[in-house]
Each structure stands twice: as structure tokens, then as C-alpha cells.
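Look for subunit A in each of the two complexes below; its partner is subunit B in the first and subunit C in the second.
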Partner chain A sequence: MPHTKRRRLVTTALAVSLGATALAACGSGDGTEAESGPVSLTYWTWTPGMDKVVDLWNKGPGKKDRITVTVKKQASGDTLITKILTAHKAKKAPDLVQAEYQALPTLVSNDALADISDEVDDAKDKFAEGVWQQTTLGTDAVYAVPQDIGPMMFYYREDLFRQYGLKVPTTWEQFAETARRLKQKAPDKDLTTFSAGDSGLFAGLAQQAGAKWWTTSGDKWKVGIDDAATRKVADFWGGLVKEGVIDNQPMYTPSWNKALNTGKQIAWVSAVWAPGTLTTAAPDTEGKWAMAPLPQWSADQDVTGSWGGSSTAVTTDSAHKEAAAEFAAWLNTDHDALNALAKEGGIYPASTSAQLSGAFSNPPAYFSHQADFYTKAAGIAKTTAPSAWGPNVNVAYTSFKDAFGPAAKNKSDFTAALRKVQDDTVADMEKQGFEVAR
Partner chain B sequence: MSGSTSRRSYGVKGAPYGFLLPATVLFALFFALPIGYAVWLSFRKVRVSGLGLGSGARKEVWAGFENYTGAFRDSELLHGALRVLGYGCIVVPVMLGLALLFALMLDSEKARLAPFTRLAIFLPYAIPGVVAALLWGFLYLPDVSPFYFVLDKLGLPQPDLLDGGPLYLALSNIAVWGGTGFNMIVIYTSLRSIPAEVYEAAELDGATPLQVALRIKIPMVAPSLVLTFFFSIIATLQVFNEPTTLKPLTNSVNTTWSPLMKVYQDAFGRNDIYSAAAEATLIAVVTLLLSFGFLRAANRRNKQEATG
Partner chain C sequence: MSTLAVRKAAPAAGTTPGTAQGPPLRRRIALIPTVTLLLGAVYTLLPVAWVVIASTKSGHELFSTFTFLPGTGFADNLKDLNAYRSGIYWEWMGNSALYAGLGALLSTAVSAFSGYALATYRFKGREAMFNVLLAGVLMPPVILAIPQYLLLAKADLTDSYLSVLLPQILSPYGVYLARIYASAAVPADVVEAGRMDGASEWRIFTRIALPMMIPGMVTVFLFQFVAIWNNFLLPFIMLSDDERFPLTLGLYTLLEQGANTPALYTLVITGAFLAVLPLIALFLVIQRFWSLDLLSGAVKS
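Showing the complex of A and B:
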């Protein structure tokens, strides 16, 4: 008995100290001060090296306007969304947050993001229309300033394509043909894999095909995950998996790294940030890869989708929205800031003028032989199809993983899996009370 | 004079409460309150109006038992529970069986290098669950695993351990590898506390070492076995680390593989903390019922044995 008691006390003491740390952590997220005088802002971001970029602000324009920004490094993607929403519940969200484009509707729907259209409207013409539109959600408001984008491209092993006599596919039909021909010539190799773990990749491919997953008409949402364009994409990849001409295992695993590094998989449908991934995943094949535009659905088309990309947003909890918006605009449009972002954070800027200057005048080290890498990339970025995100992208993305995982494994019907994603997404929206048009 | 006596008697009377106070306050603040809040949340839900954009479009409202009926109707939660049941049916008997076997072997007089072996078997327990799962994940992946390399060289069949039935074995293996050492130590410690007279008596009666093990040692460590069984059931119901870590490596583990993964997914993947709270409450109740039910059954048996 005394034993258990003591242990319980130790446990409680531990709980107390943990609780205290948690409280301290909560408190430090608060960066609000009196209205007059110097302003200090807190910024949640996952971009590496952001503190160095922010230093430029704090020593330059920020010093002049007496606006100091403090960076709090965060985990990327969905984890941060949850954290922002939780902090917002306590009215303690930071002034500035980094958010992926597809997460913006979720944040806006939770009333976490402030409308900064008055402050940042001047920046509009620095970005491609399709990119800017993602931050307005099709309304008159502006909820964020675009930071980086991920236009999709086709990466392939130049040497192995030559060895097997393969041509770089310009249409998806040719892509399928290339996969089949490779299987004939080298049965143990695959052109690429269909990864059920990467919802963003599939979303980008659907976007290229012209899919609009979430649209609004009047006071109602329409969910089109199961639309004709997406079905075409699902059918195409499902067919290749069923035929056995491409692999069906997820990406970003040790196996996948090895497959890329040893030439077991000789191509990758990816985005502009691929050089960074390839550098770590396939270090032995540096200089053997080349980049080309994504294959098209018909030969006379020239569109791409996007995979990844994020923006800087101001929260409704910020006491200094104007100052925060000023910083967000500077960060994503100023020449020096973008240069530093590219150098320190390795991002591909959304700002069109920055895509060809400074850090992007030379190709990435991994693609040093493809001198026009970034010229080509900027050209491809211009062809990005508009995207349409809704308030529960997170649900659709999870449902995608759970539905397409078994479908890829069993090489079964991908359109049935797609229908499940559509149904799950609509059911979740209706459960929350959104008006959904049937 | 009388004042001081009365004060003293008051002090003596109040003392236990004074001593209790810190623990009670801490218990209320960091245990009862969060649980109460979770239960409260489980009866709430979010109501969105119209497009759900802009301020005031999202309200928290009373949901009654809606989240609970939803959880009962959600087949994924039940499937998760069944998957965990299957997993537990492998883990618990194998792990406890091995733990008991190792403990008996270490306790036998013929054991050599006992301290080293004990440490070696215990060591995996010191490795964090996520690290262990990652480690085994690498060993299960055909393309990077040395085992598959050897199987390939020997021309033997190479089963896919991250799929179908073998997936359960793969997951159980991680738990057994990590947990056997701890349970072995618990059982071994209680084996060491059996008085030497009992063995002497057994020896005089001509019992073989096997008979000693079966007739004396195992019945005498029964309370430890009950304890380890109890811990194992709770650990099984709460399995989360292993499937979560293996999930990105395979198409076969979904985001709601175990009930706790479903709770996590609802709370942090779908941002629906209300359903997650209801599911968490359900899981807690089931865990309580199962573990207390088991303890009760074990106690009743002990009493019967004592009287009978």
C-alpha cells in the first residue's frame, strides 16, 4: 500500500511538472502588446532557416516601422493546422502562420484567418492568377499571401531511358506505353509507382485533368471528387497497377528510396521540389536524372497540377493585423526576402518575378547538367491549372489513403475507391452541417 | 491551557486532511478535471451554417448521445477493435508464455551466465516503442531487409510480412520482442522470493526439477502472472505506436487500424475532437470493464483455492 501511494505521488508530481511546461508553452505563443508603440509579432512556420530571413526584416524594414517578428519553428502540414485550431480555440493563435493552400478553407471555416485584402491587394499582380485565387477562396476577401508553389513535372532517368530506347512521354497514353515497353525490356523494373499514401499527388493529377473537387453555388457546396476528370485519372492509374506495369507500393519508404537509387524505378511524377528529395533518396544517381513537363491528357494541351506549396496568413487572434499583413507581403514579394527564402529554406517562390532571379539563375546541384532547369520550371509553373479546395480537405485526404491503400494492394477497381472518398467527404460535411448540393 | 489542548486536538483531527490535500488537489486538477472535460466534449458537436466561411458560421452546440451512437454505428471502430483482439490473441499468450519460460529457466540451478542473459532479454524493453517499430519495419521491408537477402540467396520463399495475416505476426513480434523482458523480470522476482524450505521439502519428497516447476513454482507465482496478464491486456487495448509507425511502409495498415488510432485520426486528422472524445470515453469504459472483470475473476479463483 505505501508503495502504490508513493508511486502515485511521483506520477502526479510528474504530471504537475508536465502541465507546467505545457502552460508555459501556451503562454509564450502570445505576442500581443499595447496598440501604440513597438509591435512584436509571433510567426509559426516550418520553413527551415526562416529565422535568418526574418532577421533581414527585423534589421531592415521592421526596424524602421518598429515591428519585430519572432519565429517559432513548427511541424509541417496537418499537424500545424491542428495546433493552430487548438490555439485559436483559446484565442491565443500566433499573429502569423504558414499554411498549405488546401488547408486555407479549413482555417477560414474555423474563423482562424483574418481578411487582409485591404493591406495586401497591391501584391496581387506579383503572382499567377491561379495561385492568388487559392488565397481568396473565390470571394472578395484575401486570407493569405502565397509563399511557395509546387508545379508538377515529370522526372526520369535520362541514361536508362536511352538504354531501353524509351522516349519521354508527352501524353499520358504515351506514359502508359512507356511503362509497358519498359516492363517488356526489363521485367524487374518499373517506370514508377502508384502511391496510395500521397493524397496531394493524386489531387494534383486530378487538378491537371481539370477536376474541381470543391465548388460553391449560392449557399451550397458541391463536392466533385467523383467527377469525370478525376475518374479518368483514377481509371488510368488503376489500369496501370492492375496490368502490373507499374509498382503499387507507397512512396517515401526505405524501399522506395532504394528503388530510385538503384534504378529499379526509373521515373517519378513529382513537383519542382523533387531535386531536394532526390538528393537524399537517390544520392548515387546524381546527374543521371532529367526533368520534363508532365504528360498531357491530349497532345494539344499544356497544363500541370500542383503538389505542395504554402502561404503566409494572419490570424483573427492577432492584435496587430495590419503590421502582420505588412510583414507577410514583404516576406513573399521583396526581392531580398525571397532570395534568402530560396537560399535558406530551399523553397520555390510563388512570386513570378523571383522564379528566374537570384538563387534560380542556376540549376539545382542535383540537376547541374540541365542548365535550363529553372527557366523550364518557370514556364511550367505558368501552366498550373486552377485548384478548388474545400473546408474538409483533411477528411478527403485521409479517406483517400484508407480507400486507395487496399485498392492498390489488391489491384482492384480504383473508381470504387474514388466513390468512397467522395461519399466520406460529403458525409463529413453534412455531419458538420454544411449545405451540400447533391 | 484548555485553548492549547483544543487547538492540538483540532490539529490532530485535521492532520490527515492536510496531508491528503495536495494529492486531492493534484488529482482533481490533472486527472478528474481533464477527464470530466473530455466527457463534456463528448456530448458536444460543431454546427456549421451555410458555406461555413467567415466568422460566426461555426457554433459548438449540445449533441446529446449523438457522438456515442455515431461511434457505435461506425463499423471502422468495431473493425479496429476486432483487429486488436486478433493481435492480442497472439501477443498476450506468446509474450507471457515466453516470459514465464525464461523466468523458470533463469531460476533453475543449472543456469549459466544468468545475469547477462537476464539483461539481454530485458534490454529491448528499454528501447522506445517507436524506435523498435522503425527498426523492425526496416527488417520487414523486402528491399532493404537482410533477412530477405538471405532468403533470396537460399532460394526460399519470401513472405510479405506487411500484408494480410502475416501483418498480425509482424506487429505481434514487435510487441513480444519489446515486452517479454519486462514481464520476465516481474515473474522472476517473485520466483526468487519463494522460500528455500519449500524446495527442500520438495526435494525430500523426491520431486524432479520439472515437477518443482509445474507444481510449486508456477502456482506460487500465480499472483505475478495475474498482474502481468492484466498489464498486457491494457497495453494491447492501447496499441498505437507499432501500427502507426508501420503505416507509411505499407498499403495494409490504414489510418484507423486500432481504436486508439481512430481516436487520434478523428481528433487530429479530421479535427473532430467531439467524436474523438466520445470514442476515447468508450475505450476507457471497455478497458475498465475488461481489466476489473479479469481482476475479479482472478480474485474469486484465489479465494476458492484458499478455502477449498
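Showing the complex of A and C:
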């Protein structure tokens, strides 16, 4: 299988870039550690209500094993990665951190995450292969336990689609056609918007198209942000923006909320967590939306990308890696823990068995009329394309915003913007000392 | 706007520029600054007005009703904010008050001491020291946050109240201002007279110089208070326990809750509105000293 080969390649690449310290340090540290006395761990997370979930641990399995976890709530996003790396530089990172999948390579290449494969390997079969692969980075090590995922879906205003005689698009070609037809029938409305502010959305769309942004060959990294698949996606959205059949304003702004709430925009390419966002962004349209799979690039395909999702990782600074890994595995595989996480934190679990049980036997309140919401979602989650994250996703994401912002605003060439993201990313990796194949 | 246009057009149409220009010119000069200032006031007050009005809107009204139409949800927003994680907002408010109040007080004291010393005493290396301070004034505090974190981590002080207080006590700008102010407001003759009468240096400073420096020190205090109250990066890097967070950081965590949880807009807006009130109150209370300071500063220099 090419898989094993790739695995070795990445190990080499990582070992080269890390000076092999991460792997060596983790391998030896855990074995000698004796967990005798009471252990207290700190955990940086942004998930709301995590303190309540952790209480279940502290009163249950944690009490038995004398492992107490303290939650320190943080703000999510790239700033948290910077904070973790700064703390790690002072050897003061917390025992456990929540990290989005695309941030894991950055943390690993800075030697901030411990290899917990010995402790959590049993949990592997609770997750889809593509999800688990994101926490191993294709190596034999395991750097985190998956917590939540964000398989992408297509959301649309059922009532307005009916009113304008639109069909739910199953291919991107139909999607473009739908946008054009809506523009003809209601010139003041847009099907959706291209948001240059959401790099993660674009990354997910590229992932669906089969893009591999970061790969390794030999001991060199290869950056494929400008590959054929991504170019296809960029051209497609750039074309729609230029044509004027979709809007070009960013998402997550008050005016975007208003556009959704008043029906000025009648669809949203999003992920499984969209109901939560819609609840506050478009409170007046509750019950009028429906969810469908993402449109495909060809009719015979059935694949989606992912937008968001995060994992629980143990840092190399932790003095109790074994205990921390035990907690991480419990948090993301235990039935009660996942149920509480769904209820308190509103997450969509990465664990496949949890996707259809407990909190997910009923649709979200906002979609109460679509009874099979979570059954459908679990089906879509299975079709998630593999992802390929690299050590400087944050740089690529920032560059994306800088390059696509003006391109979307001026309705100019998206391919040129994509080239700039590629060049910026490669330049940054070389500056950081990674070998990059040209 | 229309009156401005008319007045502007008037001289161009006039046939006797020499005699008729006197009074209208003066009035026009007064008009342009007034309009500029009014525009400036609108520009700065409009966002404040937005916050005030938006804080009265419920989640439903926030993005759907007209921007400057007051909503009906203020009481509910307050209640929600109060209830959020059993009132942690008020802890943040208390923390902000502690960081800004105590920090500004200590910083003012340090500034007063060192500013007075730099202005009154002649000693070796005085100018060198002052130049280093000036360089500090030019250095944005933002770039110091991470080195400060690494230093405090060595002393095991991170994630504590001290970690946020300590770095903000020495304010190069405060010392600079205090020196300038002390050299202008405390005449050397007065200090000399005190020495003649046998007062100790400490007594001269506390009984003679300090009262003369009070207006300037109030300025330093206000500057520091506002700077610490609004500071984000330093506490962000230093603190991980959200029970020690100041308001800036606390509100930020309400906004960035991850993709699957929507930002708590109404709570953040109401929280931001309440966070401005102490600053406004402070300015109103200390305003007298402030204007006195501007006045005396102008006369002396």
C-alpha cells in the first residue's frame, strides 16, 4: 500500500524538521513514569460548558484514579496556538490543550505535542479512518484524540427555493445554474456569498475537490495550494463572483446575519454545526431551512470536505502524560462524556458511535422539521475526503484572507490570488527551515 | 453642509475683495473648525451610540431592526450577562478595576519619583538614562509582551495577578511626562529654599514638589488607567485562568467560542457598554484636575 510508504516519508520529514527530539523524548518519558500520588492536570479549551463535562470525570473515573482536571477556558482560533507555543517556549504549557486539526502539524513541528500512541491506540476504531489520520499526521505516532468534526453540507431556504422554483443542486454546475436562475427571478437576492474571510471554508471546498495542500516526498515538503483541484475551485467561485450571481461580502458580519435573516441570501455552504450559527444569525427564519449534501464536482461522486473540528492533545510540557492521555481518551470516547459535550458544548462528535446516539437521536431545535437531520449528517460525515495539513496552515490562512479579500471585492482574477497564497506559504516554510520541493 | 457651501461660494462671486473680506473671513475660519470638530465628534460618538443602542436590543432584534432604533431587551441582556457562568463578568470587571486602579496608582508613584529625580538632581548618566527612557516611549508595549512573559515564567509568576500588574508599573511615557512636568512646575528656587530651611530631600519632595506636580500626575494616572483598562495582549499572554481575566480578555472569549457555538453578541455588546461606564465616570470625576493641568502646562512652557 502506498500508505505505509507515505507514513515513513512523513516520519522522516518530521524527524528531520524536529531534530527527532519529539519522538525520542516521548518514547522514553512515558514508560518510566509511575502514576502513584494524586495527579492534577490543567486543560485549555474553548468549548462552552467543558467545566461541567470535566466535573463528570472528576467525580467519576478521575476520582477513582486520583486524576483531577481543571478547565481553563480560552478563546478559540489561531491566537490560542500562538499562546500555546509561547507558553511552551517557557515550558509552561498546560497538560492538555484543545487544538483544531489543521493546527496539529504546527504544534508538532514546534515539539509542543506528546506522542500518546501507547495510551490511546485502543480508541482508534471508534473514529473514521480519515479523522484519525489527522491526529497521526500519517506517522506511527498519535498526537491527539479527535473530539469534534465539521463535515460540510449545503443549507438552503426550503420555502424560498420552492417560491422561486429552484431545485436543490447536486453538482457544482447545477449550483452555478441555480445562482443564475435566482438572479433572473429576484435580482436583489443572492444564492450565497463568497467569503474571503473564511480560509477554512475554502480549504474544505478544495479538500472536497481532491486538493492536497501539504504532502511530503522524500525529506521534502510539497505545497499544493496552487494544484489543479484547488484552481478548479478558485476559478469556479471567482467566476460566479465576477458574473455577479453571488455576493462577494464576507460571512460572520452583522450585514451577513441580516442577509440570512431577511432572506436576501437563501443558501449557505457550511458544516454540521450550522444550526447553532443560524440560531443567532437568522433567528426569524427558524424552521424554514433544510440541509442537503454538498454539491459534487461530478454526478457520480459522493464526497465532502470538512470545515472546523478539533481534538484533545497532550503537551510535551506535561509531567503526567499518561494520566492526561487517559483523560483525553475518556473525554472523546466515553458515552456519557460525549453526550454531555453535545448538550453543554454543542459539538458534533468525531466518535462514529456517538453520532447517532443520545443527544443526536433528535434533530437540532432549529431544524426540528427535518427529522433525519443527524442520520443524514452521519452518512455525509462518512464521505469526508482525507485532509493534508502542513506546519504553517496559519500562514496560508492569513495569506488567503489578504489575497482573496481584494480579489473578491474587485471581482478580479482568483487564480492570481491563489498563486500568491502558494508563494507566501512556500516562502514562509523555507524561512522556517523546512525543505520544500519546487 | 449647505451653509458652508454658500459661504464658500460667496467671496468668489464678490467684486470687492479688499474691503468685504474682513468679517466674513473671520467667520469662515470659525465655521470650518467648528464643522470639523463636529464631524470629529460624530465620528467618535457614533460607535458609542451604536453600543448604547445595540445593548438594548434582544438577540432577535439585534440584526433585524433598524440600527439606531432602541430595542426592548436591555433588562434581559443584563440578566443574561449576570447569569452567564454565575456572574463571571463581574469578576472580570473587578479584575480590570484592580489591574487598572492599582497599576495606574503604582505607575504614577514610580513616574512621580523618577520624573522628579530626573528633573531636579544633576547626576552622572542622567541624560543617558533619560534617553533610554525616551527610546522606551517609542517602543510599542505590544512587542514587549512575549519577552515579558518569558521573563516572568522564569520567576514562576505567570498566570497570577502580579504578572499583569508588574510589567505595567514602569511606564516610560509616564516618567517622561513627569520629568517634563516637574521641570516646568517645580522651580529650582523653591527646592533650593527648602534646602536652606533645612528640610530633608524627602520632605521637600512630599511637601513642596509633589503638591505642585499633582495636576501632571493626574494626567499620568488617567493615561495609565485607560491604557491598562484597554490592554489586551499582555493579559492574553500572561493569564490562562479566566477567573483572573480582565474585561477585554473575558469579552473576547465570549466572541471566540469555536465554530460550533455562535458568538454571544448580545452579551458582548452589553458587556462592552458596561465596561465603558467606569471610564466615563472616572473622567467626569477627575476632569477638574485635567483641565487645570492643560492650563498650567500652557502657561509654564
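The rule we apply is simple: the second predicted complex is superposed on the first by the 402 of 438 C-alpha atoms of A that agree within 3 Å, B and C clash if a C-alpha of one lies under 4 Å from a C-alpha of the other, contacts with A are read in each partner's own complex, and residues count from 1 in each chain.
Going forward, contacts are C-beta pairs under 8 Å (C-beta built on N, C-alpha and C of every residue); 3 or more make two chains touch, one makes a residue touch a chain.
Remember, predicted model here, so these are calculated numbers, not experimental data.
Once the two complexes are laid over each other on the shared chain, residue contacts for A:Lys409 go to subunit B alone; subunit C is not touched. In the superposition on chain A, contact of A:Gln174 is made with neither subunit B nor subunit C.
After overlaying the two complexes on the shared chain, residue contacts for A:Ser357 are found with neither subunit B nor subunit C. Once the two complexes are laid over each other on the shared chain, residue contacts for A:Asp219 go to subunit B alone; subunit C is not touched. Touch criterion met: A:Thr79 reaches subunit B and subunit C at once.
In the superposed model, A:Thr316 makes contact with subunit B only, not with subunit C. In the superposed model, A:Pro94 makes contact with subunit C only, not with subunit B. Once chain A of one complex is fitted onto chain A of the other, the partner contacts of A:Gln301 are absent, as it touches neither subunit B nor subunit C. In the superposition on chain A, no contact is made by A:Asn58 with either subunit B or subunit C. On subunit A, the surface touched by subunit B in one complex and the surface touched by subunit C in the other have residues 79, 254, 258 in common. The touching residues of subunit C, when paired with subunit A in their complex, are 59-60, 62-64, 146, 149-150, 153-154, 158, 236-237, 240-242, 249, 252-253, 255-263, 265.
By the touch criterion stated above, subunit A contacts subunit C in their complex at residues 42, 44, 46-48, 72-77, 79, 83, 86-87, 89-92, 94, 148, 150, 200, 254, 257-258, 261-262, 271, 273, 276-277, 279-281, 283-284, 307-308, 310, 345-348.
Remark: subunit A residues 8-9, 12-13, 15-16, 19, 78-79, 81-82, 85, 105-106, 108-111, 137, 139, 196-197, 216, 219-221, 248-250, 252-255, 258-259, 264, 316, 391-392, 394-395, 398, 401-402, 405-406, 408-409, 428, 432-435 touch subunit B in the complex. Subunit B meets subunit A in the complex at residues 23, 26-27, 29-31, 46-58, 138, 141-144, 163, 248-256, 265, 267-271.
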